[in-house]
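Below, chain A partners chain B and then partners chain C, in two separate complexes.
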Partner chain A sequence: MEIELRSIDREALAKLFAHWRDEGRRIVAPKQLGEKIDFAPVTGLDQVSLDQVQTVQSPKTAVFPRVEELFSYKSRDGQVEIRERDGTGVPRTVIFGLRPCDAAAFASLAAIFNWDSPDSLFSSRLANTVVVGLSCPRADEYCFCTSVGGGPGATAGSDILLTGTGNGTYLAEIVSEKGRQLVEGAGDLFGPALSKEKETFLARVDKAFDRDRIGPALAALFENTAFWAEQSLRCLGCGACAYVCPACACFDIQDEGDVSGKRLRCWDSCGFGLFTLHTSGHNPRPLQSQRWRQRLMHKFAYMPERQQVLGCVGCGRCSRACPVDMNILEHLRGVVEAKP
Partner chain B sequence: MSAMDVFKPMLLKIDQVTDEAPDVKTLRLVFVDEQQGREFAFRTGQFGEYSVFGEGECTFCIASPPTRPGYIECTFRKAGRVTSALAGLEPGETIGFRGPYGNVFPIGDWEGKNLLFIAGGIALPPMRSVIWNVLDLRDRYREITIVYGARTVADLVYKRELAEWAGRPDVTLITTVDPGGETPDWKGEVGFVPAVLDKAAPASRDTIAVVCGPPVMIKFTFPVLARLGFAPENIFTTLENRMKCGVGKCGRCNVGKHFVCKDGPVFTFAQLREMPQEY
Partner chain C sequence: MEALRNKARELLQSRTVQVVIGYSRGSGGSSRAVFVQAPSQADALVFDDTCRQNLAVYLMKPEVRKLGKAALVATPSALRTILQLAAENQLSDHDLLVLVVDPGGDVVPLATFGAIEARVAALNTDLSADEKEELRKYKALGQEQRRGFWQEHFSRCLKCYACRAACPLCYCSRCTVECNQPQWIPVPAHDLGNLEWNVMRAMHLAGRCVNCGDCSRACPVGIPLYLLNQELISEVFANFEFRSGLAAKAENAMSTFKPNDPEDFIR
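And then the complex of A and B:
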């Protein structure tokens, strides 16, 4: 659908929260939690933290929980009974106040989960989630959305995108049918479109590299072991980058229980040595440098080729979270500038 | 549509347990739901995720041929948590199965050709499915040669079937064990598979080679086959990377941009030459 331009002020936005709550929706938004700001359930706009550049964790938990039950089972006398997850139990959720980079990451996740066969648990969560993005008035040195096809006011992935104008009023772009349905019955809370230039309220994020050059540059560097050894010299293999990434979706499957229990899907990371370890002891990616190469190749070479989408949205979380200050932006610049 | 269809296993009942070698067993499995069993179809080369509830899942090929419907078999070595649990199960007990997954050996394209099977150790099971499949359609293929080696005589799997193949006039079977692995009454070859293959020197003309074995065996077998004149596109193998989901999502079995679970497990040597060494 064509984007519908409206406006909304803070007071009306607070009422919109009440309206969503009355509709039985769960609202997840950035919230101050001790020393950090992270996505958490909120009941009112006053609980939402709006001024941070970025949260520590991404909002992907709403569609891809850290640990989720695939099914439960009961076994007795050699018989097994499987109880499926009830898909209707997936809560209707509004994710509010996420940045355009995070909104764009849902397309990367959907590509991974659904590219070949549908992952219905993920899909039912995504279908029950409405995304209300908030444009970025500020960026920091870790942000690089514009280098990977996004932008501080990009609408991709948002059902509604709000852009603050600095005086308690927001430009509201109703981007999708889902967004239109979300404001249905609350249309009087929205004002008319404003004659204000959205761009004037957006952070400036300079393009650091040409994304079309990354894939071919990576392919040319694949066998350059010295390059990858240097790139990953500091990497501890802790997996923090994957856990905070809004587009990382690698997972493990584990059972919990005995004669009765459940099968769980849990987050995993290609940075871990155990990730690819065979039972025999053989490991196709035994070195941290190979695992770091896999991380970049997967996001910037394999996914664009196999799923026609990048596995990175430039949110910069991995660089902020890295305990040894690896900055993915510097590493990607290094890839583009390297001689194979 | 249910909420978790791709990860929900079908239930299989253990019909028969066969001890093949130390710590190696074959399970014959039948579908608990008879209609599910009738509708189940697979092709040779495909694999599945077998589960012991409470322990988890593990990945093996289907070791029986699709020409023998009504059951599937898997052969595995007791090595980790799930295979140890599987090895402890008795006939009548229930396990989970997801599949069939992955691509297939293109045996239709091989009709009218000679077939050379080369296997090492516990890698005979994926090949056993193909061997029985083509033996069950014997008139469609010309000469069938099997070269199989293991560390010791005890480690050879499918001993009764090896005896059966050895006794068939329409199969040439060469078995070998690693030096030191022979017993006093061992009648087969002594030596590593690539060397035994080199000595046997089967003709490459109109011949498809299928190679399954540990990475080191594969590594030294390819050059021998090349010397014998096999074109890379006529050499097939299966890759065995670690998997969890089996359906291209969990992120660990890839070799470069290829998912072993979706694009494989069957690859030709021509394909492998273009792929990075991540297996």
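And then the complex of A and C:
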């Protein structure tokens, strides 16, 4: 659909939160938690933190929880009863105040989860989620959305995108049918757009590299073991980068229980040494350099090739969270500039 | 800084070491680990207040060990870590050259465990006054409040294992959490899994942790893991008068039985 322009002020936005609450929706938004700002359930606009460049974690937990039950089972008198989770009862959710990069990441997640057969749990969570994005008035040195096809005011992935235009007013771009329904249900809280002007209110994020060059550059470097060893020498092999990433989708399956129990899906990371360890003892990626290479290859070579979408939206979270300053933007620049 | 760079250049040129593990400038004015393997790269080295990572963590990384004999730029915590690793038979004397940068910028090379021990003996290895005060406040909480405190913090744990990866004393090739026959610690990052993981890690570091703080700094969600470690450091000292990382030959406080141990925890 064509993007429809409206406006909303802070006062009406606070009423909108109350309206969503009355509709029984769960609202997830950036919130100050101790020294960090992270996505958490909120009930009012006054609890929402709006000024940070980014949160520590991404909002992906709303559609891909850290731990999720896939089914439970009960064994009695030789009979096994299985109760599948089919996605009914997932909460109706509004994710509010996420940045355009985070909104764009749902397409990367969906490309993985619905690749060959649709993942019903993920899909029902996504279908029950409305995404109300907030454009970026500021960026930092870790941001590189414009290098991977996004931008500080990009609408892709948002159902409604808000851009602060000063004096407590926001330009509201109604991007999708879901967004339109949300506005229609909200009575007269949204007013007519006062101005179409948006660019002057956005952060400037310079393009750092040409994304079309990344895939071929990675392919040419694949066997350059010295390059990868040098890039990854300080990497400690933890999962912080993958777990804060809005587009990382890898998971592990764990069973809990004995005669009765459940099967759980848990986040996993290709940075861990055990990630590819076979039962035989063979590990196709025994070195951290190979695991770091895999991280870049998957996001910037394999996903665009197989799913026509990048596995990175340039939010910079992995770089900010890394305990040893593995700055992904710097490494990507290195890939593009390297001589294979 | 120039003295450090000159020293690194000299060590690499003379092939005394094959790599100098130190700090270079990182993102946003921070510092990060660098592995200088040629004299021409020595200019990347820096040393200032931002250099906090305990670089001894890299001494246990196979890819770094493969580079050959190392010189390591050490903070006081790294010095203690090296002695603790030695006491746990993970490092041999003369395998490593340690470089300490004095406040004036001079570089003091320490070639033996004996020299490191002498340097560490001059340090204050007790908890700082601020640390003691925070620990006192924490201990003043009732048992239920402390449980609530940790439940709240651990509810945010992602099980990314950044704490383990950043810790130079978490060097097991296979961590307890990865043993699944039997499954000691639940893998999922749910309440039970997170509680058991964090308590298990703290207990495995009791009497070993040198309080470098890298686990807390590594934690992306800001769990104050240092409090667990400092509590155990103070308990180990109270019970056994033992501090880790002071000597290259030392018994492990938690796995050494002595007939005169107080054992007053058994009631």
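Here is the rule we go by: the second predicted complex is superposed on the first by the 337 of 340 C-alpha atoms of A that agree within 3 Å, B and C clash if a C-alpha of one lies under 4 Å from a C-alpha of the other, contacts with A are read in each partner's own complex, and residues count from 1 in each chain.
FYI, contacts are C-beta pairs under 8 Å (C-beta built on N, C-alpha and C of every residue); 3 or more make two chains touch, one makes a residue touch a chain.
Computed from a predicted structure; not experimentally measured.
Novice: Quick check for you: in the superposed arrangement, does A:D38 touch first (chain B), second (chain C), both or neither?
Specialist: After superposition on chain A, A:D38 lies in contact with chain C alone.
Novice: Just chain B (first), just chain C (second), both, or neither: which does A:Q254 touch?
Specialist: both
Novice: If you stack the two complexes on chain A, which partner ends up touching A:L233: first (chain B), second (chain C), both, or neither?
Specialist: The answer is second: A:L233 touches chain C but not chain B.
Novice: First (chain B), second (chain C), both or neither: which does A:K198 touch?
Specialist: In the superposition, A:K198 touches no partner, neither chain B nor chain C.
Novice: Where does A:R10 make contact in the superposed view: on chain B (first), on chain C (second), on both, or on neither?
Specialist: Neither: A:R10 stays clear of chain B and chain C.
Novice: For A:R21, using the defined touch cut-off, is the partner it touches chain B, chain C, both, or neither? Pick first, second, both or neither.
Specialist: A:R21 sits against neither chain B nor chain C.
Novice: Applying the touch criterion given at the start, work out whether A:C266 contacts chain B, chain C, both or neither, answering first, second, both or neither.
Specialist: So A:C266 only meets chain C here.
Novice: Is A:V324 in contact with chain B, with chain C, with both, or with neither (first, second, both, neither)?
Specialist: After superposition on chain A, A:V324 lies in contact with chain C alone.
Novice: On chain A, which partner's contacts cover more residues, chain B's or chain C's?
Specialist: After superposing on chain A, more of chain A is contacted by B.
Novice: One more residue to check, A:R333. First (chain B), second (chain C), both or neither?
Specialist: In the superposition, A:R333 contacts neither chain B nor chain C.
Novice: Starting from the residues of chain A touching chain B, keep only those that also touch chain C in the other complex, and list them.
Specialist: Touching chain B in the first complex and chain C in the second, residues 252, 254 of chain A appear in both lists.
Novice: Going by the contact rule at the top, pick out the chain A residues touching chain C in the complex.
Specialist: Residue list for chain A touching chain C: 33-36, 38, 56-57, 66-67, 140-142, 229, 232-234, 236-240, 242-244, 252, 254, 256, 264, 266-267, 269, 272, 274, 287-289, 319, 321, 323-325, 327, 330.
Novice: Show which residues of chain C lie in contact with chain A when the two form their complex.
Specialist: Residues 26-28, 30, 32-35, 53, 57-58, 61, 63-64, 156, 158-162, 164-166, 178, 186-190, 193, 214, 217-218, 220-222.
Novice: Which part of chain A faces chain B closely enough to touch in the complex?
Specialist: That would be residues 70-71, 73, 75, 78-80, 82, 84-87, 90, 112-113, 115-121, 124, 222-223, 249-255, 257-259, 261, 263, 265, 268, 270, 275-280, 282, 284-285, 290, 294, 297-298, 301-302, 305-306 of chain A.
Novice: Tell me, which parts of chain B touch chain A in their complex?
Specialist: Counting only chain B, the residues touching chain A are 1-9, 11, 13, 51, 53-57, 79-80, 83, 92-94, 96, 214-215, 240-242, 244-245, 247-257, 262, 276, 278-279.
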